[in-house]
Amino acid sequence: MIGSGFIARAHSNAFHQVGRFFEIPYTLDLKVVCGRNQPKLQAFASQWGWAETVADWREVIDRKDVDVIDIAVPNALHAPITMAAAKAGKMIFCEKPLAISLTEARAMAGAVKDLPNLVWFNYRRVPAVAFARQMITEGKLGKVYHYRSYYFNQSGVDPAKGHTWRYRAGEAGSGAIGDLLSHSIDMATYLNSDITELSAMKHTFVPGREVDDAVSAMVRFGNGSLGTFEASRFGVGRRNGIGFEIYAEKGSLAFDLEDMNRLRFYDATEPANLQAYRNILVTGPDHPYWANFWKPAHLIGYEHSFIATLGDFLENLAGGEPFHPNFQDAVQIQGVLEAVEASANTKTWIRLKSK
Amino acid sequence: MIGSGFIARAHSNAFHQVGRFFEIPYTLDLKVVCGRNQPKLQAFASQWGWAETVADWREVIDRKDVDVIDIAVPNALHAPITMAAAKAGKMIFCEKPLAISLTEARAMAGAVKDLPNLVWFNYRRVPAVAFARQMITEGKLGKVYHYRSYYFNQSGVDPAKGHTWRYRAGEAGSGAIGDLLSHSIDMATYLNSDITELSAMKHTFVPGREVDDAVSAMVRFGNGSLGTFEASRFGVGRRNGIGFEIYAEKGSLAFDLEDMNRLRFYDATEPANLQAYRNILVTGPDHPYWANFWKPAHLIGYEHSFIATLGDFLENLAGGEPFHPNFQDAVQIQGVLEAVEASANTKTWIRLKSK
Amino acid sequence: MIGSGFIARAHSNAFHQVGRFFEIPYTLDLKVVCGRNQPKLQAFASQWGWAETVADWREVIDRKDVDVIDIAVPNALHAPITMAAAKAGKMIFCEKPLAISLTEARAMAGAVKDLPNLVWFNYRRVPAVAFARQMITEGKLGKVYHYRSYYFNQSGVDPAKGHTWRYRAGEAGSGAIGDLLSHSIDMATYLNSDITELSAMKHTFVPGREVDDAVSAMVRFGNGSLGTFEASRFGVGRRNGIGFEIYAEKGSLAFDLEDMNRLRFYDATEPANLQAYRNILVTGPDHPYWANFWKPAHLIGYEHSFIATLGDFLENLAGGEPFHPNFQDAVQIQGVLEAVEASANTKTWIRLKSK
Amino acid sequence: MIGSGFIARAHSNAFHQVGRFFEIPYTLDLKVVCGRNQPKLQAFASQWGWAETVADWREVIDRKDVDVIDIAVPNALHAPITMAAAKAGKMIFCEKPLAISLTEARAMAGAVKDLPNLVWFNYRRVPAVAFARQMITEGKLGKVYHYRSYYFNQSGVDPAKGHTWRYRAGEAGSGAIGDLLSHSIDMATYLNSDITELSAMKHTFVPGREVDDAVSAMVRFGNGSLGTFEASRFGVGRRNGIGFEIYAEKGSLAFDLEDMNRLRFYDATEPANLQAYRNILVTGPDHPYWANFWKPAHLIGYEHSFIATLGDFLENLAGGEPFHPNFQDAVQIQGVLEAVEASANTKTWIRLKSK
């Protein structure tokens, strides 16, 4: 694993826990973790069970006893590490957003196309989100009219955070767009449809800050539905508030990650006097991933979305079916992000090509 | 109308509004209102459209041009006014609790038995409560296991309120028991079943206060279900929080008056992965009383429960069918309240006779 | 009153009820109501207490004993009735949207500028909305970052409704834009700031329908905040779902009309471990309008927003201060609606002039 | 570890995870797990990382290389295993309820009194519950008036579950009382005060079932507050619904495990117009245990309550301070449970001695 920050903790946890909850035909050895600050890295390795530490990520890639490279570092490093790891024939897991430009993303996807690969858009595997997808696929909603997406946190307000790499254009590429909107676009593409055109607006509230603090977009989807997106680091009161609302012919769905074990569903096919939003606790034996975890209503948390992502990847690895979301999927997302930037910069509508 | 306090406002409003929302074959003339404080009474009459005012309730009863006596005064006066009004052959509406003792209540019910009469247990006619009753009657819940009832407000905490008649035993009879629990018992009897035995506890938090501040009871109902009741004037944070939760074979229901346009329903007969509490906005054309009021989701409020009570009474008056809840129904409730007092005083279980 | 449909019921109710809840130095006589279908109009007049009925609105305006003209008819008639009523020197109340074009709206505002006038953007007077305004004015939020607005109902889905005037361009002018978005723009202007530029999108889901079913917009406000608006008649599951979310420096506010007695508030100035969304039941003696209505937590409904609008108007009439929202305020809203149409048609950003 | 059922999974997980989230000066080796069904036990050991398996729990106790015995088997076995393990001088962790009688519990507590010991009343360590305790200890609530407790699941309804040990009196001792109410009593004692007297009712809905399906109690606490308890396996719609509501002088608190990352708080010391229930997401750096887990609003789940329990135990082990809840604490809880049974059997109020 390259990286030892917050998200590297979540990945490490998944590596340890996946075998407890998923039936995987592998044993995972946490060989080596790479980071810049050696004392902190030592502590990290000790806490999270990594056998060795190194300072240079190239050393990890050179190791013959390493099969998987997990990239959990600032965005600008995703491409060089991926290119090197792909050359070395490793399986590659990469944090989102995949890259800091569409060009870069395409090159990365090309490089890994014959290697098993995964991009950590982990929220797809929150059971409630996976169940939303299942309901949509089963036709429970019918034709979709509106897809509303939001992702609010308040990280941009905190002066302390303003000094991290996430606020430097060279390392992060963008602000709320790459950090937050990328998740929202992935979720929308997964649940609804490809985006065919969009108009966007972005804004930086803090003078001198290099990246965007907030972004909004109006879109049209390939399935004829309309969409709105908001992502902001100035959503005071929200801390990890990604959510969606879908209004469709046969009903509606709504989800919010700050209440991640639940999915709101309105069934418009029921008798009129019983129609209502129901708040499904997506923790039953018939719900996605639940057989893997605990008993009904014995809730799971943030970390389990990483475990489920890894579980699916490893359970299906031998079968050879491509895993999703992979680098190729992330290229499409990067294309939308780039169109968002372009639209915001030019104040015009932008059309997107279909896959 | 005898009385000009808060509840007399709610009654007056209903007298004016009933004809707007219900098709009643009568015109209501608000002839005369009676109260003690004449300047305040004048203002009240002017604001609420009463033609005349008097100081002595006996004058109202003596009037030949008055067909209905509405009693909205402290509990201890319900009996003497009822007895006189019954003697004069008036229709009688009475605030709850009907009386300050079961003996008194029985005498009152006897006196009015050949006269149209009504007791203002208005919460039965909140559309969401009436819809709960309809669902239960239609068999949507099946056998009931648990009926949980509560009524919390924080009125007892306010020192200013401690000087009103509601805190004097002679006028109020009891505290939370008559004021709050009476509504809860009426609702339980209406929605679930008669109470067959109970164990109760009461408490007065304020030293020297003449009436109970809080009461709890465990009960068994005639239909085999178990019940718990809580009513308190020390429910800090709640202001008119009467509610119920029903757990039954085929599902559950829950209601809270502070969210009075909604009913929570869990349908345990649905596919397992869709089972959930749904929050029904009981404001649709197929819901009780809604055709009388506004469009769906155009909410109604507290006052409408009085309007609906009066509407039902007047729509059915010519038909001759007894209205519910009437004085006889209130006798049964008074019997439960008296058993609650007795149980709390003796620390024993008390059996109640069936109707 | 010109009109006898649903909204005319709400107005009539307000005329009767305003004196019960507000101290107004006038007696309101409901003289004459005008409508096309005479049998229905007779029933309406009887139910809602109108003394006379007429078929031609010009007759109402010609009457010397009429001081106020209330316009509750399809949008295209607002202008001719206003112009005639203004000429006759009447006070004028008009339903929203004020007009079907900005040109028309300006002419109307010019005509009534020396007459007391009111536009029924009634949701400003929902106590929770008025309290939001008070909090903002008092500085409880500080600098605003995001203003998110939505108005969803499902009226467009119902084939029966598609035959009403609201779906005919000649009578309605627009669809969701005039019907729903107009309320949202009024509320945003009232609570936040003027809109300075916008990009919009509109859509008609039903082939052949003359008006828009849904509209979205991204905006920048004069106070530096960003906004998003959605209004749709295809919000399946929502029936009168207008709401807002405000994210600001010192906290956040959120409101939804389907839960109209509550306001959600996040106070970011509190100790970190107590910061949370609180759900204020805006029904206390210190809340706007509550002293006029019932006791705390004794909820009010849809109709009370009309009563409060009329109450404010009448209480302040003698003072001579202009009432808000008036025709001039509605001109500004009409300007935004026209910019929304223009932006959606041209797929460009549109700048708005300040007042 | 003795046991390999559902709860043994939760314990195993905690043994693996505690070192990731807590700074403990020990390495935990999962030496040996004991169970009856050997093929299932093998699979369990493999999945949950136990080095060895045995069929007879006495073998585990006899092992010199085992320092801790964790008891995760049916209730009737808690005592014999505890007595043997205590004799062997092991540290002992025991599932709740501690025993099937007070006599047994006392003997067990006596036997372990000089050994580090822990009873798995894990819900005390849900961050929101621990934060409730902190707020109460800091005086944020003042004098408590009401403590309302409930624990509903629907396990009793499922015919399949009726054949497990939990429904056999010999193995379980009781039904809802030991299984559910024990947690509620622990939480009440932890958050509020000792129970001084109680009146209880129990019921078995399924004919022929050996244990109680539901239990209710009214209590008085040592701090002068009143309490009600309900616990039922017939709470259709609820699956792990333990919760409390506390009404007190300065405010109120409410919690429900099905929404375990949140605590509802009403602060009655605030300005009246801002008083409201706030829904605290107890996931911030200033909240109990949160520094151990993820970032704010990155939720945790059921399993983390076991990890936190173990973390506290191990962090404090060297210090020598007794851990709570321990066997002695569990004796007190067992005393309440026994009083509940006695009261229900005799239909009388029962007084409890103070600690």
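Think of it as A, B, C and D in the order they're written, each chain with its own count starting at 1.
Keep in mind that, in the parts below, a residue touches a chain if its C-beta (ideal position, glycine included) is under 8 Å from a C-beta of that chain, and two chains touch if they have at least 3 such contacts.
Treat the numbers as computed from the prediction; the structure is a model and nothing was measured.
In this assembly, the chain whose C-alpha centre lies farthest from subunit A is B. Across the two interfaces under comparison, A-C and C-D, the one joined by more C-beta contacts turns out to be A-C.
In terms of their C-alpha centroids, the spacing between subunit C and subunit D amounts to 54 Å. Averaging C-alpha coordinates per chain places the centre of subunit A 40 Å away from that of subunit C. Shown for subunit B are the residues in touch with two or more other chains, namely 238, 275, 277, 281.
On the side of subunit C, the complex with subunit B involves touching residues 6, 9-10, 12-13, 16-17, 19-20, 47-49, 153, 238-241, 257-261, 281, 283, 294-304. Listed in rising order, the residues of subunit A touching subunit B in the complex are 131, 265, 267, 271-281, 284-287. Touching subunit A in their complex are the following residues of subunit C: 145-146, 148, 150, 152, 154, 157, 199-201, 203, 205, 214, 216-218, 220, 226, 228, 230, 232, 234-238, 247-252, 266, 268, 275, 277, 347-349.
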